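Below you'll find the structures, each written out as structure tokens.
You will see chain A twice below: alongside chain B first, and alongside chain C after that.
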Partner chain A sequence: MDTMETAEISEISTIQKLENLLLVAVPRDMTDSDVLSLRRQVLQKARRYHSHWVLLDFSRVDICDSFFGRFIQSTARMADLMGANVIVSGLQDMVVETMVELGMTLSNIQAVLDLDEALALSRKSQTDSASISQQESDEQEKEASPADSQLERSTSIDMPLETRSEV
Partner chain B sequence: MTEKTKEQLVNELAEARDRIAELETSEAELKQKEQELRRLGLAIEQTAEGVATADLEGNIQFTNEAWAAMHGYTVEEILGQHLSMFHTEEQLKNEVTPFNEQTLAKGQNKGELGHVRKDGTTFPTRMTVTVVKDDAGNPLGLMATARDITEQVERQAALRESEQRFRGLYESSPLGIILNDYETGDYQEANDAFLEMVGYTLDELNQLSYWDLTPEKYSDQEDAQIRSMEESGHYGPYEKEYIHKDGTVFPVVLNGVVTTDNKGRKLIWSTVEDISERKRAEEERERLQQEVIEAQKQALQELSTPIIPIMDRIIVMPLVGSVDTMRARDIMRRLLAGIREHRAKVVILDITGVPIVDSGVADHLNKTVQAARLKGARTIVTGISDAVAETIVDLGIDWSGIETLSDLQTGLVVALNSLNVKLSKA
Partner chain C sequence: MAEESSNRLEFSIKELPDVVRARRRGMEAAINMGFHPAEANKVAVVISELGRNIEQYAGEGTIILLTHTGENRHIQITAEDQGPGIPDVDRVLKGGYSTSQGLGLGVSGSKKLMDEFEVRSVVGKGTTIRAVKWLR
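Take a look at the complex of A and B:
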């Protein structure tokens, strides 16, 4: 597969919008120019869709090199400048082991297990920000919360888009 | 009476004197001859060789002490008898008659003949029989010398038996046995076992160059073996390989000793053992051993690093035992797999069972925590004893990035909190 074809495919399926998330399925075996091209596209699309989150998914990547680390860091910084948060997901076990050995811990970037988690995270932050404003308005009506008899669960984990009211 | 003249008397006197002188000379010569004969007689009498003389018909004229003693007789007992008294009927028929024919034909004969003693026992002799002739060539009689060669014969038999025994060993040995010239390396002898081992005949072997049979990579070792022989006269056990005529290479072990033949030429005797089977068995054993060790290691690891999912999205990994680099790698691997499998968001890593926490272990734990984070999981380390806490601080280990709690219970509560789960009494 030469670079031309790769570019075409990445146009179609590599970058996708999902809610306020921009999903980037990072392909394996990218060349230098592939990387630059991908990064540019990501930033372009993030601006176009006003994405709050950019998810770099590495499920297809099984080799980690220093290149890899720089790509993530630079994309994160650039996206950050544009007001978007970068999350990484799908890092394979072997890749994680290598990264940790090389000291490449990406300490300033949030990591999640997979797409589900990333989605949950983005939705939670949405409802959190909603409930924070709600809370401020609820400040006047303070109620004591009786002890419930069941296990309470955070709805943001397993139920989509539902606002939760603080009790 | 005719009166002799004075002249005649003088002549007669002169003649008489001449005659006396002649007689005296003859006498002296006779005396000398007598002495010679006497000496000869003594020599014959005293020699250890048996000597006997007989007439042409075989009637004994003389035997010396040695001859008589050899046969268990005294000289008196023998005189007047026939030479055939010293042989059995069988000996006479089978050995003596043909021997005598030769003697008479050639004038002298040598050979081995069986004799019999007075007591009936037989013994082998080496005999020389000569037909004694006068100056004219007329046969006068027979002279025989004999030596009891019982000892020699026995020795020869023993030697032959020994030779047979060793030849048997040599030929039927499962080990290859070879004899090489020390200087040239040529094969002097090679038993069947060896020839079969290498697939060549003896001639073919001597046509080969040294490295046709031994792989060249052994050249240094070969030199070492030669040195050993120079120093101690032997070499081995020496493990190397041979190349069979068909090209296959097989392992062998050699042992050798330097020897000289009766001409003083240096030779080397070597035994060659084909150890293909042994090596195969060894390799098999080692492989099995490795397998067992691996299996045990695996079992041990599995035993000591379980992952316990205690609640939805929360896993506990209790570590038991010391943590070295290899184990740390394994722990990390298991943890990452566990996070993936259980989709864990919180990992409680309990180190109550880890006896020693030094900077190495701390470093391993650090890496594990970072790795877990990259998989989207938060790690809480619990079970830090007071001793461990002291060590960590004293060693100046930086664990500021790691969440630590004293025990599992507290860790669980914190984990639940982070998932927004509250436990309450029913």
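Take a look at the complex of A and C:
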């Protein structure tokens, strides 16, 4: 009975590609082995699809303990080594209240409200890094900087969406 | 005058699905006795942290939930095991101390989420943690 429930839990986790985003619907009540296998699937697919952003959607998660916090943090660190940024979305109000009071901090992880905001963020960074690389080639071939340092600088630069087609 | 009554739920903890079941039942019990969902969520997380510790360090143990309704409404979580015990309880309560998979927040964080929190541990004999949340 219990093993069946666990098996179902693993299966309802969905990972989908959308533009340069990898969308991960994090299931509730994961055991440690579910967590490990989800993280591996996420990294594998981030590599396969060359995802720049990994969106962990927590809207289904209603209990988030310190182990789960560690999962978010470690996934972010690993994704970072692959040149992808992790963003979280859909954290429930009661979950964040508990997380903060428990003392959990998730450093270097951006949070967005929903998928629309995540898409806007990933599209903006794509546009901006395109505009930066344009500037850089204008300044005669500077050394290629890592993707996320470009993103850091990108926030102040606004370029129209059309420039994306020039990438 | 509301009638005093208490209800007892006992969960045997041997593996993680036991912890998952206990924390979910704990959250339901807290909501049913009138806790705000955000408070019930804290009860669930404390059960989860303490249950994980049992599974990880002692291998097996028990979580007992007592819900008291009536005048002094509260929920009490007791986590008991006959595991290796905690050599330095004060250090564990201060936090940032972890030998395992968590964020080093398990016990110290749980204390912050509850109104009363008491750890009794004897090295080589086991650990009992009792935590209470009052419904105000």
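Everything below uses one rule, namely that the second predicted complex is superposed on the first by the 119 of 167 C-alpha atoms of A that agree within 3 Å, B and C clash if a C-alpha of one lies under 4 Å from a C-alpha of the other, contacts with A are read in each partner's own complex, and residues count from 1 in each chain.
In this section, contacts are C-beta pairs under 8 Å (C-beta built on N, C-alpha and C of every residue); 3 or more make two chains touch, one makes a residue touch a chain.
In this text, all values refer to a predicted model and were calculated from it rather than measured experimentally.
Once the two complexes are overlaid on the shared chain, A:Glu97 sits against chain B and chain C alike. Within the superposed three-chain model, A:Leu115 lies out of touch with both chain B and chain C [touch as defined at top]. In the superposed pair of complexes, A:Ser89 makes contact with chain B only, with no contact to chain C. Of the two partner chains placed by superposition, A:Met78 touches none, neither chain B nor chain C. In the superposition on chain A, contact of A:Phe67 is made with chain C only, not with chain B. In the superposition on chain A, chain A positions 93, 97, 101 are in contact with chain B in one complex as well as with chain C in the other.
By the touch criterion stated above, chain A contacts chain C in their complex at residues 2-3, 5-6, 29, 31-32, 62-67, 69-70, 73, 93-95, 97-98, 101-104. Only residues 88-89, 91, 93, 96-97, 99-101, 105-107, 111-114, 117, 147-149, 151-154, 157 of chain A touch chain B when the two sit together in their complex. Residues of chain C that touch chain A in their complex: 16-17, 20-21, 23-24, 27, 37-38, 40-42, 44-45, 48-49, 52, 95, 101-106, 108-110, 112-113. Against chain A, in their complex, chain B makes its touches with residues 329, 332-333, 336-337, 339-340, 343, 345, 367, 370-371, 373-377, 419-424, 426.
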